[in-house]
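Below: one structure in structure tokens.
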Amino acid sequence: MSEPIIQIRNVTKRFGNMVAVDNVSLDIVAGEFFVMLGPSGCGKTTLLRMIAGFELPTEGQILIDGQDMAGVPPNKRPVNMVFQSYAVFPHMSVLDNVGYGMKIAGVPKREIRERAEESLALVKLDGLGARMPDQLSGGQRQRVALARSLVMRPKVLLLDEPLSALDAKLRAQMQFELADLQDKVGITFITVTHDQDEALSMASRIGVINKGQIAQLATPSDLYEYPANRFVADFIGSVNIFEGKLSVDEPERAVVDCPEIGKIYLNHGVTGPHEASVWAAVRPEKMMLCKPGEAVGRDAPEGHNVANGIIKGMSYLGDCTLYEVMLDSGRMIRVSRANLSRFDQEDFTWDDKVSLCWHPSSPVVLLA
Amino acid sequence: MSLFTRKPLAPLEYTKRLWLRSWIAAVTLFLYAPLLVLFVFSFNDSKANVVWRGFTFKYYAKLFKNDGLMSALGNSLTIAFLATVVSLVLGALAAVMLWRFRFPAKAGVEGVMALPIVVPEICMGVAMLVFFAAIEWPTDLPWPLNLSAITIAHITFCFPFVTMVVRARLANFNREEEEAAKDLGANEWQAFRDVLLPHMKPGLIAGALLAFTLSLDDFVITFFTSGPNTTTFPVKVYSMVRFSVTPEVNAVSTLLILLTIILTTVALKLQNIAGDAGAHK
Amino acid sequence: MQDWKTQRSAFAAIATAPTLWLLLFFIIPLAIVWAYSFGSNDGLTSIKISGTFANYARALEPLYLQIFGKSVAVAALTTLICLIVGFPVALAISFATPKWKPWLLLLIMLPFWTNLLIRTYALLSLLGTRGVVNQGAEWFWGAFGLAGMFGPFEPLPLLYNNFAVIFGLVYVHLPFMVLPLYAALDRLDKSLIEASLDLGAGHWTTITRIVAPLAAPGIISGLIITFVPALGSYLTPDLMGGTDSQMIANVVERQFKRANDWPFGAALSFLLMYATFILIALQALRNRKAEAGR
């Protein structure tokens, strides 16, 4: 069992009257790739900067490797940060940039050169040591920033929106490379991002942050399949959420009565107060689109997990097609259908009447 | 044929229009004609400076033998040098203070810092005269200390210009670079020395050149703070112009113009180099 | 930006020198002058600060009020001429191709960096009774036989009068006006001009109804940074003006250097300062209102 390398205990940060981080407690385990995910302004960057030491908590404690960081300035903390703008020093060569931290620490010249070149090779920039930053591309500058931080052998590496400035192709490539790098180097990575694809693909664990508080702390698959509340369900991927009343709640089954779509049947219990108002969430890819009358809710009693509607919108995305379906109740939902064969996208079109069904394991009941 | 087939002008290409070009030509002529006349007549072999009598260098030679003028020049250069050095330090400090910190009455301090730029020169000159008289600043110190009053006055009106220039340069500094330095282990002073100062360099150079030029050129403020033994170049030229127009004045003027052109070219060259180095910003 | 309290020692190290210097060598001298303006001469060498308004009262006598008025008028006329002459220049530079822009700017600004004394002296050579302009006019007179019609050539009185002062002030301050005008025009969104032309307006209409109003803040900046120095100008009226072309600065200088009436000079000097401050304050207020309205 790994020890928590970073312990955030009841940390609050206020800027005047505005609360950026609201009583957050969190343990980050050594060796994991932890991602803080959330919309702009949710407090995730503030939290990261507090770990690095550039902001001080208004209340609460931050411990790194068991040591309280109160009163410890950023240049004395055993963590290093890769900044959003990369912050590569423009007046120093690549090699000098990477060697800067070692020079300050008084490391002998020969060792600085060796370790710096090693670090550059790690990020695939070997041979570029003599270049000046303005001769490099954005992606290359990011690698310099990475090498510069990693060469210091920190206990934790912090990354502030590492992929936001890269184009789509480079972003996809860097996602793999960062995860690979972390695996190779073995230290803890903490990343901050607003991009859920990034988070899902790189993280070993994700903390979703909303308005300064943790909305959910889970692995990527748990986050996607078992969101804890509506915010997380909606933030990660698309989702259709129906409000309803929990009418049946037994260990092996549950039923939610939703005015907009009818009865939703689940094959597991929910443990919510009986007759309570809840929300049932179903992902677009978990709903099956069928011709009128052909939808059959599997493993569900007659009439459950079936609905009728009309197609009001369509987006062909190549690998799948997104449909906007207006249910009989007037509610619009999203359904995603994989184009399994070449002609699948021709099966349905605008104003077609359709019927929908889904498996009882698909819906997630949210109490918040 | 090309007279009749002109390339039609795009609507916004104002500069290519004839009337605008003529206007600029006229304005340029207006601005430069007097200077050119000065230049030409500095080689005129005539005491009266009126009719062209022949080409000569003799007034340039006379210039260098004119002790009063040469010592005034020496004073000006000394003052300019000292004033520039101190203005650079004060101006850079003030720029960093205003750029980096929030403090009570900051708007007021900013306003006061900008005042020497805005206040009419005569008011400043008068204030300096009155001040040095009121505190009975010693007037019989040996050289170069006797230039201290003038130097202090120059520093006072020069350093706000340096502040302005350096502050403009600081405005586009990426603060994350400073944080990165600290993150890598640098303390406050090391981060300033290794990251902020190199960024400020072009601004410091521009500020130094500006301060040097302002000090060298100043007349009004110096006029009020200088004495018979502490004349500066512009003040000496003024008395030559006012009281005894000698042809050397033309020669001196031409040299000063040349000096300005050289300094400006150097400044621009430095700006370009510095600009390219920081271009990717 | 960080609060000063987070790094008191660094703040003190940085802020002390410049603020102390300004206080000692700028604020205090001005304060002494201000105090003197309420004083009177006490014997030959000292000044008694008696809190009297006599100096200000004297400054507002018709004699001096007239000089003030004339200075304002001269400065205003200078500024107007600079605006009319300078606007097309600024327009031309801002619409020049990027290759030419810096060179054109340099061309216009270079005289500005030349010593003021030299520039004014150059004008003297040009405008004197035996100066280049008059020599040229004399030649012109002779060459076209105008002596037969109008009598012998009389040199044009181009110096030591109001014409000379205004000419000199325009000559010195023109670059002051061009730079902010250029900055304002350069920042203008060119597509607005294209839109105006597309909607049918002619060039003149576009300039007066679209360009000028949008560049107004820059224009007003230019007006102020031309007017204020022109108002407080000393050298130009001194070297090029006649006995009735005195401006405020010349009167102030006389009080300090020749009349030895420092309190009166102080009062005059401060009246000039007040005028300057009012203009700057108005400009700052306008800026703040513009910022707030945005």
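The first chain written gets the first letter, and so on, giving A, B and C; residue counts start at 1 in each chain.
Criterion: a residue touches a chain if its C-beta (ideal position, glycine included) is under 8 Å from a C-beta of that chain, and two chains touch if they have at least 3 such contacts.
In this text the structure is predicted, and so the values were computed from the model without any measurement.
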Legend entry - Identity of the most central chain, Cα criterion: B
Inset, instruction - Name the chain whose C-alpha centroid is most distant from the C-alpha centroid of chain C. - result: A
Legend entry - chain B and chain C: spacing of chain centres that average the CA atoms, whole Å: 17
Inset, instruction - List the centre-to-centre spacing of chain A and chain C in whole Å, with centres computed as mean CA coordinates. - result: 61
Legend entry - Mean-CA-position distance for chain B and chain A (Å): 56
Legend entry - chain B to chain A touching residues, read off their complex: 174, 176-177, 179-187, 190, 194-195, 198-199, 277-281
Legend entry - Contact footprint of chain B on chain C as seen in their complex: 1-4, 7, 10-11, 14-15, 17-19, 21-22, 25-30, 32-33, 36, 85, 88-89, 91-93, 95-97, 100, 104, 106-108, 110-111, 113-119, 121-126, 130-132, 135, 171, 174-175, 190, 193-194, 197, 203, 228-229, 231-232, 234-235, 239, 248-249, 252-253, 256, 262, 265-266, 269-270, 272-273, 276, 280
Legend entry - Partner chain B, residues of chain A touching it in the complex: 52, 54, 73-76, 80-81, 83-91, 100-101, 104-105, 133-134, 145, 148-149, 152
Inset, instruction - Under the touch definition given earlier, write down the residues of chain B that touch chain C in their complex. - result: 11-15, 20-21, 23-24, 27-28, 30-35, 37-38, 41, 48-51, 89-91, 93-94, 96-97, 99-103, 109, 112-113, 115-116, 118-123, 126-131, 134, 152-153, 155-156, 159, 163, 188, 213, 216-217, 219-220, 224, 234, 237-238, 241-242, 249-250, 253, 256-257, 260-261, 263-264, 268
